[in-house]
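Common to both upcoming complexes is chain A, partnered first by chain B, then by chain C.
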Partner chain A sequence: MSLVEVKDLFYEYRERDENGEVDIVTTALEGVSVNVEKGDFIAIIGSNGSGKSTFAKHLNAILKPTGGTVIVRSLDTSLEENTLEIRKTAGMVFQNPDNQIIGSIIEEDVAFGLENLGVPTDEMKKRVKESLKTVGMWEYASGSPNRLSGGQKQRVAIAGIVAMKPEVMILDESTAMLDPRGRKEVLDAVEELNKEEGMTVILITHYMDEAARAHKIFVLHEGQVKMSGTPEEVFKRHKELKEYKLKVPVAAELAVRLREKGIPVREGITNDDELVQEISRIRSEHGTGI
Partner chain B sequence: MGLEFRNVNHTYNPGTTVERHALKDISFTLEDGEYLGLIGHTGSGKSTLIQHMNGLLKADSGDILYDGQSIYDKSYSMNQHHFKVGMVFQYPEHQLFETTVLKDVCFGPGNMGLSEDEAVSRAKEALKLVELPEIYWDKSPFILSGGQKRRAAIAGVIAMDPKILIMDEPAAGLDPEGRDSILESISMIRKERGITVVLVSHNMDDVAKYATRVLVLNKGSIYMDGTPKEVFSRTKELYDVGLSAPGITVITERLKSLGIGEEDCMISMDDAADMIAKSLRKG
Partner chain C sequence: MRRNITIGQYYPENSILHRLDPRVKLLGLIVFLVCVFLMDSYWSYGAVTAAVVILVIISRVPLRYFVRSLKPVFFIIILTFILNIFFTSGEEILVKWGIISIYKEGVIMALKMSIRLIYLVLSSALLTLTTTPNDITDGMEKALRPLNKIHVPIHEMTMMMTIALRFIPIISEETDKIRKAQISRGADLETGNIIKRAKNMVPILVPLLVSSFRRAGDLALAMDARCYHGGEGRTKYKELRYGKKDGIAYLMILAFLAGIILMRNFL
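Let's turn to the complex of A and B:
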């Protein structure tokens, strides 16, 4: 059984008029099926209004399906009695770092979730220290969160999630408001959690270079999964992505331009390393013969 | 002429334990017609700087001159200055409030004391410029998509006919197509109206593509000031202050260190592809 099993998920937003009658029905998700295995690093990309955030909100039972099922670690999200257990299993990091920090001291902020779960003090201290170390923020533990940069705040928010030892972490455009260094810090921390701790990661993003770091990408469009596969498989289909208002990473786009100019760059380039390697290979193989 | 900063300083909460010197001795002139990309890490002073440009914040010391006259002069109308220097804040769509898109866009010009007819005609022109289709003009702004709401909010500022348009992360949270299309619209408006644009952004690719000049702030001081090529060629120094170079610059620098392509600092995809192809053909 997969860690997360989303089967034929439908979700309708219903707006009611002043008499409480259903006025407008908007279908945000239309038959989405996604399986996530333990230890996976999944990226979900899609245009504004494609249903990405609605999908994410189903994974920790903030929203409940109007059709189909969402099962997280064998727990059905539509059952009220499962909600607490599901939220312990699936931790969510949101977009705005300032809305997620509540403690006046960083270590207190990280401990907040643990206190709510009733974790004993000794265990709590241990977990706070471990999780702040994991995101590289331990040296700030006794300081105030107010003076941190956006990237540092997001890493503290991630530490708060990590401390609760969830099995899956969902990041809903968590780097959208950060400067370049902040984005890199957060992505590196997430990648390390996935590699070193085996944390399952679901990353929702508008940045194609971030999605390229995942093992598998799902493309949502108008509430449906239109593509899924490795970054290589997805970014190969660059024309189709454009129809879904998306792009490919810069390295992949440059590879396409070079192929158009008759340079034999292979298909399926997704990042800088691969492109630089490929161009070096071409030069050493072809010399002046292109 | 343009907008000139002379040794501008600004300190938040002076004399308290949370005192912060946010702008340190800032001097530069924003020339008419420029497209200025303003970059810097979180907390570097970008927001404080742009709020000085339109007079929302006042300098503690130093002076700011618009077309040669101090904006702090008694004879200078600060009220008019707010209209001359239009500001589009982050996530401006959160400030939409009227019952229809057109009424919302009329709000600014209405405040300028224009007649209703004049306000409506300016609003319509602005909505055309931001390319928001006419079918939405009489609809509630709240039924628009994220990208369309953003366009409506920008139209509200354009309708006041600013000489300088400041935008704080106008493309934040938009998908790649929405991002490109809103930035293309802004570029087009700049050309059509001959206005000055200031773009605050964390996206180096966008700044490289659109700006004619780039100003880099670090901890409240000007760290670099130059053309996109001049600024982005100093990649290492940019990393030092929490920034980065455009994706295309990073790739071409790596290739150059391997002996592929000679030119310094590529910031355009087309130029980079040409250069690499040429270099490979030459062997």
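Let's turn to the complex of A and C:
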């Protein structure tokens, strides 16, 4: 049994006019099926309006499906009585770093979720310290979140989720408002969590280079899963991706094109470093003559 | 600049007053305010004055912070003084000038009222200078918790205060941004009379209000996602615990109150 099982998920947004009659129905998700195993690191990518955020909000019962089912650790999200247990299992980090920090002091904010769960004070202190250390923010613990950079704030938000010891962490465009450095900070922290602690990660993003870090990518377009596979498999189909308004990382596209020209670049290149290494390998093997 | 804004006027120090439990300080403030209104004899004025002086000294907060806290109420103090001095009648005339006459009782009354006002402000300043807003909120939550039994939503109220404290600097930063954005689009915020200037604030307030609602929505989602479900079954990260010094402070506060009441009745 998978940790997260999304089966044939439909979701409609209903806008009502002044009389409360349903006015406009927008279908955001049309039959999405995704399975996530324990320890996985998956990325859901899609351009604006692809339905990826709507999808994310189903995973911890913020939205309830119009059709189909979402099962998290064998709990059905459509049942009210499961909500709390599901939110304990699936922690979510949101987009805006300012709007998800509740405490005026960093350690108190990290403790917020634990306070809600009724964790005893001593245990809470231990967990807050551990999780702040995991994201490298322990030295700021007694400071105010207002003085942190965007990347640091998101790491605090991640610590707040880690402290609750969920089984899966969902990042709903958590890097969209950050500068490149902040994005790297956050992704490094997430990647480490996945590798070291075995945390299952679901990364929602529209940056392909972020998705490249995942084990598996799902491409969402107009509410449907159009492609899925390892980053290499997905990036190979860069022409198709362009139809979905998604851009493959330059290195990945370049690698594919070089191969098409007959240069023996290996498959599965997703970032700049790998490409540079590969090219210098080819040069040392074949000389500059090709 | 605005990032470092501090809410309230907390002065970081490590005096005994800073280290007291906020609940002790809250009760102390209430008792003190009562005492200020109970004092009538010169003895009691002396006792309260001595208490203020001692507390200010042991708080180790520089005197200019207390003076600064008096500034906003300076006008009210002067007004009270003038009203009392001119409109209190008595027997002993000190100055007579046309229809205006100043009595000795008037002068005494004016002094007493001004002193009371000054002490009111100073004692509240003692609390806010030595206690962070968060500690005050925590203290209130814990002290008022019994009211939960009669369905007063104490937890909800203090949670709102905590959130407000957290968002004041953020909103103030945002106000600054919107201001600059509007000025760069040619909004005139500096000239004109008060009414015109108030009207010119509209292009700042509307976007601010809209974004505050959005923030509130986001925050509610984030709180939900972190299993927030009200005050029931909640534990606290920083549980307030009384120490020995808090007990002693309580005793001193009660002794002080008893002393003032005795002075009122027997002196």
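By definition in this document, the second predicted complex is superposed on the first by the 276 of 290 C-alpha atoms of A that agree within 3 Å, B and C clash if a C-alpha of one lies under 4 Å from a C-alpha of the other, contacts with A are read in each partner's own complex, and residues count from 1 in each chain.
To be clear about the criterion, a contact is a pair of C-beta atoms (placed from the backbone, for glycine too) under 8 Å apart; a residue touches a chain by one contact, two chains touch by 3 or more.
For clarity, every value in this text was computed on a predicted model and none was experimentally measured.
Novice: Should A:Thr26 be classified as contacting the first partner (chain B), the second (chain C), both, or neither?
Specialist: neither
Novice: Given the touch rule stated above, what does A:Leu275 touch, chain B (first), chain C (second), both, or neither?
Specialist: First partner only, chain B.
Novice: Does the superposition put A:Thr121 against chain B (first), chain C (second), both, or neither?
Specialist: A:Thr121 sits against chain C, while chain B stays out of touch.
Novice: Could you look at A:Ser47 and tell me whether it touches chain B, chain C, both or neither (first, second, both, neither)?
Specialist: first
Novice: Look at A:Ser74 in the shared chain and tell me whether it touches chain B only, chain C only, both, or neither; answer first, second, both or neither.
Specialist: In the superposition, A:Ser74 contacts neither chain B nor chain C.
Novice: Going by the contact rule set out at the top, does A:Glu173 touch chain B (first), chain C (second), both, or neither?
Specialist: A:Glu173 sits against chain B, while chain C stays out of touch.
Novice: Once bound in the complex, which stretches of chain B touch chain A?
Specialist: Residues of chain B touching chain A: 40-43, 145-147, 172-179, 202, 204-205, 239, 242-244, 246-248, 250-251, 254-255, 258, 260, 269-270, 272-274, 276-277, 280-283.
Novice: Looking at the complex, which residues from chain A come into contact with chain C?
Specialist: Result: residues 60, 62, 84, 87-88, 91-92, 94, 96, 98-105, 107-108, 111-121, 124-125, 128, 145-147, 160-161, 164 of chain A touch chain C.
Novice: For chain C, which residues are in contact with chain A within the complex?
Specialist: Counting only chain C, the residues touching chain A are 3-4, 133-134, 162-163, 165-166, 169-170, 215, 218-219, 221-229, 233-239.
Novice: Using the touch definition from the top, list the residues of chain A that touch chain B in their complex.
Specialist: On the chain A side, the touching residues are 46-50, 95, 149-151, 173, 176-184, 206, 208-209, 242, 245-247, 249-251, 253-254, 257-258, 261-263, 272, 275-276, 279-280, 282-283, 286-290.
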